[in-house]
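Here's the structure we're looking at; comments come further down.
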Amino acid sequence: QVRGELAMANAQELINKINEKCYLKCVPKPGARLESGEQQCLSKCMDRYMEAWNVVSRSYVNRIQRESQSQMM
Amino acid sequence: MSQPQFSENDQRELAQFLEAENAKARIQQTVHSLTDTCWDKCIAKVNNKLDRSEEACLSNCVERFLDTSLFIVKRLEDLRSTGM
Amino acid sequence: QVRGELAMANAQELINKINEKCYLKCVPKPGARLESGEQQCLSKCMDRYMEAWNVVSRSYVNRIQRESQSQMM
Amino acid sequence: MSQPQFSENDQRELAQFLEAENAKARIQQTVHSLTDTCWDKCIAKVNNKLDRSEEACLSNCVERFLDTSLFIVKRLEDLRSTGM
Amino acid sequence: MSQPQFSENDQRELAQFLEAENAKARIQQTVHSLTDTCWDKCIAKVNNKLDRSEEACLSNCVERFLDTSLFIVKRLEDLRSTGM
Amino acid sequence: QVRGELAMANAQELINKINEKCYLKCVPKPGARLESGEQQCLSKCMDRYMEAWNVVSRSYVNRIQRESQSQMM
């Protein structure tokens, strides 16, 4: 249950960040509806943001592991 | 010190009241955050009155932001269900 | 009393946001005192921010109500 | 497990100490937030020393920010008392 | 209401589990914050794929940000030990 | 002990702010390593930020004292 809450919090934070960053990039002038061009931009932006999250996560975890190894030597 | 005694009925009403106040606080917090975002998007300079286009921009900004939020959640679910 | 605290927190948050946004807009180069032109700008900015808050609040509450109605159908 | 016993005097001193530390923490938090705001307003590029005009800008930035805060609170009270 | 009884062993395992979950939550929070910073630094426009230079920028951005953090902490310690 | 925690929290917050502000200013395009020019910039930026913190702190404390004196008269 703790694990579930953690995953939820993580997904929620990811959604909030994507919302903030991609709304800024893809909907510069909000109109009467979400245009199809804006929706395509949001889809792409969302995919890129999740890729970026993965790259950052990988780099960060690698770094932590390198540091903890070098401390043990 | 003794605890005050509440009937079950009192307790239920208190819980409902607190829940309603909590909901109100969450709504106000969202309004603050949306006003922050949409102020930056819609208000370039400060005039003597909000003009029609600024007001329309603010209201569209709220609606489209919430659309974006739904769009993202729905797409995440689609991606998950197609097993990506 | 809970209600009072909520209203207080709401007013405080509004004051903080107005302070942040309007100081940025109206006092680009802070001088030895708050000039009368800057004060006029602050008054206007404050009124506009509160109007904007009301427009946003109305739109948001409308939207919540529409969504909760469409869910009940 | 037994609670340690404090005299009323000890308790009062402890409460005063904690209150003073709280006040210090709030002041430090405000200083962090003001430094953030005024750094962006006053420091365009990083030199070998804060020059006189940057230092004056920082100090004016703090004073005017607090003036702005008082101005807003006072005006809110005026609006409320004239029944708007 | 009676409290459930845990053996000392259960308690230790529970504490370890919670500690590990806490560490995971802190790491995820740092990843969110680094992604925020590095997205703004590295992604100018949204393409059909992260290209090689964007990916390199993101990874360098993380590494250099952490270097910066270590650099600052180390320099603070040096300043303190030389008595400034 | 409370005092120690407060000092720690204060130092940590200062480090976070310097990290954020100076990384932004001094490392516009993160490369394969922290270049010596970037390191020099970070040192200078860090010193300036701490000076700025001191100026702001002094101004703020002065102001609080002036206000509390004028209230007592």
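We just call them A, B, C, D, E and F in the order they show up, numbering each chain from 1.
Convention: contacts are C-beta pairs under 8 Å (C-beta built on N, C-alpha and C of every residue); 3 or more make two chains touch, one makes a residue touch a chain.
Keep in mind that this is a model prediction, so the values were computed, not measured.
Chains touching both subunit B and subunit C: none. Separation of subunit C from subunit D in touch steps, taking the shortest path, is 1.
Counting C-beta pairs in contact across A-E and across A-B shows that the higher total falls to A-E. Ranking every chain by how far its Cα centroid lies from the centroid of subunit D, the top place goes to A.
Distance from subunit E peaks, on a Cα-centroid basis, for C. Each chain gets a centre from the mean of its Cα atoms; for subunit A and subunit C, those two points are 29 Å apart. Here the spacing of subunit B and subunit F, counted between their Cα centres, is 34 Å.
In subunit A, the residues touching two or more other chains are 22, 26. Residue numbers of subunit E whose C-beta contacts span two or more other chains: 61, 63.
A single ring links the chains, and its order as traced from subunit B towards subunit C is B, C, D, F, E, A. Listing the residues of subunit F that touch subunit E in their complex gives 11, 15, 18-20, 22-23, 26-34, 38-39, 42-43, 46. Of all the residues in subunit E, the ones that touch subunit F in their complex are 37, 41, 57, 60-61, 63-65, 67-69, 71-73, 75-76. Across the complex, subunit D meets subunit F through its residues 17-18, 21, 24-25, 27-32, 34-36, 38-39, 42-43, 45-48, 50, 55, 58-59, 61-63, 66. Residues 2-3, 6, 9-10, 13-14, 17, 21-22, 25-26, 41, 44-45, 48-49, 51-53, 55-61, 63-64 of subunit A are the ones touching subunit E in the complex.
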